[in-house]
Amino acid sequence: MTDTSLSPPMQPVLRVEHLSKSFGALKASNDVSLDLYPGEIHALIGPNGAGKSTLIKQISGGLQPDMGRIELLGHDVTALDTVARARMGLGRTFQISSLAMEFSVLQNAVLGALGACGKSLGFFRNVMKDKALLEVAEEALSRVGLLQAAQQRTADLSHGQRRQLEVAVALTLKPRLFLMDEPMAGLGASGSKELTGFLDQLRYEAPILLVEHDMDAVFALADRISVLVYGAVIATGTADEIRNHPEVRRAYLGEEDET
Amino acid sequence: MKMLKSFAMMTAVATAVSTLALAAQAETKIGMITTLSGGGAGLGVDVRDGFMLAIEAAGRDDIEVVIEDDQRKPESAVQIADRMIQSEKVDIMTGIIWSNLAMAVVPAATAQDVFYLSPNAGPSVLAGKRCHKNYFNVAWQNDNLHEAAGAYANDAGLKNSFILAPNYPAGKDALTGYKRMYGGELAGEIYTKLGQTDYAAEIAQIRASGADSVYFFLPGGMGISFLKQYADSGVDLPIVGPAFSFDQGILQAVGAAALGIKNTSQWNKDLDNAANIAFVADFQAKYGRLPSLYASQGFDTANLILSALDKTDVSDQDAFRSALEAADFDSVRGDFKFGPNHHPVQNIYVREVIQEGDVFTNKIIATGLTNHADAYAPECKM
Amino acid sequence: MSLILILEQILNGLQFGVMLFLMAAGLTLVFGVMGLINLAHGALYMVGAFAAAAVAGLTGSFVLALIASLAAAAAAGALVEVTVIRRLYDRDHLDQVLATFALILIFSEGTRWIFGSFPLFLDVPDYLSGPVTLPGGIKYPLYRLAIIVIGLVVGAGLFWLIARTRIGIQIRAGEADREMIAALGVDISKLYTLVFALGAALAGLAGALVGAIQSVQVGMGEPVLILAFVVIVIGGIGSIKGALVGALLVGLTDTLGGIFLPRLFTLMMEPAQAASLGASLASMLIYILMAAVLLVRPSGLFGGSA
Amino acid sequence: MGRERLFNLAVILALLAVPLLALALDEPFVITLATKVAILALAGVGLNIALGLGGLVSLGHAAFFGIGGYAMGILAAHAQNYEPLFSWPFLFEGSNQMPLIWLVAVLASAAAALVIGALSLRTSGVYFIMITLAFGQMLYYFAISWSAYGGEDGLSIWVRNEMPGLNTLIPIQFFGVCFALLCGALLFSARLAGSGFGLALSAARQTEERVETVGLQPFKLRLVAFVISGAITGLAGALFADLNRFVSPTMLSWHTSGEIMIFVILGGVGRLYGPVVGAAVYILLEHLLGGISEYWQIFLGLLLLGMVLFARGGLIGALLGREVAHD
């Protein structure tokens, strides 16, 4: 995880090649290729309905592509399911919070630690008294600043806190890469700023494929940006390259300005 | 607070049950478990009404009858029986309609020194291997009516029967009973699903089989369905069946489809004896409907108990048992006596379905078997 | 075994299947549009049969009896929808199961309270009674042919309703996206009541049609309900086409299995044992069919995602 | 949390106190009733693991209840008739020893749950409800036509089976056996809910994709839960058959499934002691209402309906309010 060399000619952590997925006549993913290298944040942007969610689902394993191939840490994982990919080190956060709402904040974090520890699940021992798991969970919570809310019921959390917990659960997995689906959504200016700073550091722990609507955050964070329109990647490049890309300006940024 | 409340509730129930038991001071207590709700409730209602008609007519205030609904569930029947025996301390039990419920209740009841008088079910085990000195059957052994039907088929010159019954023990007993007496060939033998309501497939097989007659045992709604579909199919082979599918309660639902069908029964409302004439009239006066076979069995059961109570007290078990064995009462069936295994030795008649005004009913046309005893008596060692 | 017998049995299976379709169509519609699992659907079947028997007894007219069955079941359905079912749409399936199970108890015992414990009489009308001879010399009851025809006509009507009419468009829209039909300005609660009553009417009609050749009694709906569940699970929940295919499949399997399995067994063992074992196995056959279908397609033959 | 613990303690003590009181007052039938409550509560505790913890709405738990019952019926019938059950690989003449019967009941129902679960859990939601229902019916019809063991008539056992060191024919002793097993199951169920497995299972009920993304298999979690659930319900079935000294296909019918579910829901889904409260209240109602009217099931139906519509969370929910997060 602690790769220190950051120069590109190393192996990508994630490589997506020629991915296609159709629903009837709709091409949700159209020959998509992208990759993610250690230490970088690769942002994926695109207007609503561009096929970002479909792409994320295929990468995380919830949806089988019609064509193409997905490689994780050098292994072909196209045929593997979500669980197998998670075990290989894919840490995902969800756009719409998919936390266990009846649980306490700590329980959600422990669940992540439990999944990541790889041991078989106990049937008798109280999992909330397992020191090793609690340590992992509490560390993750403290990193996102939620430790003081550990005993709160998740359903009672504010929207921003839930986003933080999402990230914390992903942290407990100690993943080899993060797949983050709009972590800033609905956070507000100060929350966004805080998270941006956090992700900026997190990239050195594991690279991040970041799907995000918040353009300020994207341009501040991303080493590279890919633009998805109608299921196809129309451009990939640095922030400046994308900002000045004529097709992107026409297809995407123009629209974004209106909102 | 809540804890107290729930505890108080439980205790209240416990004491309620106990006071109930104390309140009963009658000398003889009869527990009736029968089917009063759910499918087949009609049979239980008839047994109860027939039974209570006799009890009320006797006008004795030293007899208390406790009636409980078993919902046709063996588990509830067993539990009610436990309660009646353990808490309410009944002396005599009766009322069960179905063989499977009887099998679940009777052995435990008789083992606890309670008399059981069956007003309907007569499973073969209880007549043979598992007979008991405190168990009496006032109706018939399960095979009896089927045996009579087999005998009638011989008399009527039927030589190639197609027989069918549901795939459950009583169904198998039925076809065994028929075959025990019947001497001809079998054109086919089918076990249908229990509770089946569509018999198109079976009727098609009957049509194709070349049979000269049909014998079926399909109690309750199954029989109604079969008869209506049979009448509509254009197959017009003569049908013979046991009384269950042609009895008073059910006949109105079958309608004209049943007209002319021969069925076997140990009782009919036109049996010419004083007890029966009075019974039919009183039953109609009280309940506003014609009595059924089941009502007659309930009525006889009650009168048997009353006749024994006239002679002795139930607490003297041996004397009471002898009084029951003597069967010294006016049965609506005419002559009535018990065989050595406490099952009836009786005539079984052949009836024909007729229409009287707009009511469908039966009339007796022949006697199928005279003084017939069941086949299991030799196995009974009492 | 003669060809005629086999053909006759196929007709029987078809008739049984058509009947199941009338039951299953309502169940699957209600689930597809409202997302509701309704265990009390069998109770509406019973209501239809009792209404028909009561009206036939009063008027002697079979046509009026059928109309009464439709009306009574639809009315009972609408009443139940407005008073109870409506509150269950947003609940989880568990609440729906429990509430509709409670409705079964209420309907069954209520019917027994009103009509008594004995089966009611309902007969095939004279003009439909007796057998007809079909091409090929098959003698077949006219009434059963009529059931097949009525069932197919109703089925066709249903397909037309859903494919071609405004209501059908709303129903399909409701299946796809509940918020969308609200956006279209459709009165959802009215639409739901309508769909529920429609499903109930179909069940009631089935009850009346079958009641004439079977017995009209309390609890008659429950075995049929469970078969209808099997049908829509096989066909795919929410799909009318699935319900039709599933119903015919179950009807034919059950009928033909019941005939041929015992015969198959007689080749291997003595008749009495074969009859008994064959009958046992035949009664499990449709469940085995269902398990097999689900192994291959977990969301049924025509189902979307489960 | 404290309140619910106190309440639970009160419930279980009341269940213990009522038969003891009845013993003092010489009311053996009340003991029988309390035994029934304990057994049905045990069945409910089993279902609650699938339903409450795992969110698996099984309408086919009668299958396991009945298999447990038949395990008892078949073993005891062979023992009572001295007919060997099998003679290879060793001679086995059945048994009337409760511990052995329980073991067989638990193993048999767990095996059935494994097969039924593996097929049914491929689906979810309404499909799952209907498929479990259909599997239950399949076994029901099989039992009805299985004439070797009584078919629809069922099997009667003349004497209750034996428990080393006890006389199970004495009602209070048999109650003690059932009560102890219920307490054991409640304890087990509590530990399970607090364990890693319980946490993961409960999470799978709330958010399946989350569980997958942390690298756990919801299918496996649910299957294990379904098997445990079926095994406990099967044990209850064996006891129920022993209570009645009788087993019949009725134990397998879908009404039984519905009733077990009612115990759980009446008490409160997912509440540890929900099934105990539910079973106790149901049995009380059955006996109180049943005494008042032939049509008591109408009132039961209305009560259930009111419960679902207006008192979500069952009786415990109504009494104690919303469940607090586990700590």
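To keep things simple, chains are lettered A, B, C and D as they appear, and every chain counts its residues starting from 1.
As a working rule, contacts are C-beta pairs under 8 Å (C-beta built on N, C-alpha and C of every residue); 3 or more make two chains touch, one makes a residue touch a chain.
What you see is a predicted model, and the numbers here were worked out from it, not measured in a lab.
Visitor: Following contacts chain by chain, what is the lowest number of steps it takes to reach chain B starting at chain A?
Guide: Counted as steps through touching chains, the separation is 2.
Visitor: Going by the stated contact rule, which chains contact chain A and chain D alike?
Guide: Joint contacts: the list comes back empty.
Visitor: Would you mind checking which chain's C-alpha centre is most distant from the centre of chain B?
Guide: The most distant chain relative to chain B turns out to be A.
Visitor: Return the distance between the CA-based centres of chain B and chain C, expressed in whole Å.
Guide: 34
Visitor: Quick one: report the Å distance separating chain C from chain D, using the average Cα coordinate of each chain.
Guide: 32
Visitor: Whole-Å distance, chain A centre to chain C centre, using C-alpha means?
Guide: Computed from C-alpha means, the inter-chain centre distance equals 48 Å.
Visitor: Can you list the residues of chain B that touch 2 or more other chains?
Guide: Residues 36-37, 167, 172, 191, 193.
Visitor: Pull out every residue in chain D that's touching 2 or more other chains.
Guide: Residues 141, 144-145, 147, 295, 297 of chain D touch two or more partner chains.
Visitor: On the basis of the stated criterion, which chains touch which? Give every pair.
Guide: Final set of chain pairs in contact is A-D, B-C, B-D, C-D.
Visitor: What residues of chain D sit close enough to touch chain A in their complex?
Guide: 191-192, 194-200, 202-203, 206-207, 209-217, 323-327
Visitor: Once bound in the complex, which stretches of chain D touch chain B?
Guide: So the residues of chain D in touch with chain B come to 6-7, 9-11, 13-15, 17-18, 21-22, 25, 27-30, 32-33, 36, 141, 144-145, 147, 150-154, 156, 158, 171, 240, 244-246, 248, 250-251, 277, 280, 284, 287-288, 290, 294-295, 297, 319-320.
Visitor: Which residues of chain A touch chain D once you look at their complex with the stated criterion?
Guide: 60-62, 81-83, 86-87, 90-92, 94, 98-104, 107, 110-112, 114-116, 118, 121-128, 130, 133, 151, 153-154, 169, 172-173
Visitor: Contact residues on chain C for chain B in the complex?
Guide: Per the stated touch rule, the residues are 1-2, 4-5, 8-9, 12, 15-16, 108-109, 112, 116-121, 123-124, 129-131, 139, 141, 143-144, 210, 212-220, 223, 255, 258-259, 262, 271-272, 275-276, 279-280, 282-283.
Visitor: Touching chain D in the complex: which residues of chain B?
Guide: Touching chain D from chain B are residues 2-4, 6-7, 9-11, 13-15, 17-18, 21, 36-37, 68-69, 73-75, 78-79, 82-83, 86-88, 99-100, 103-104, 107-108, 111, 123, 167-170, 172, 191, 193-194.
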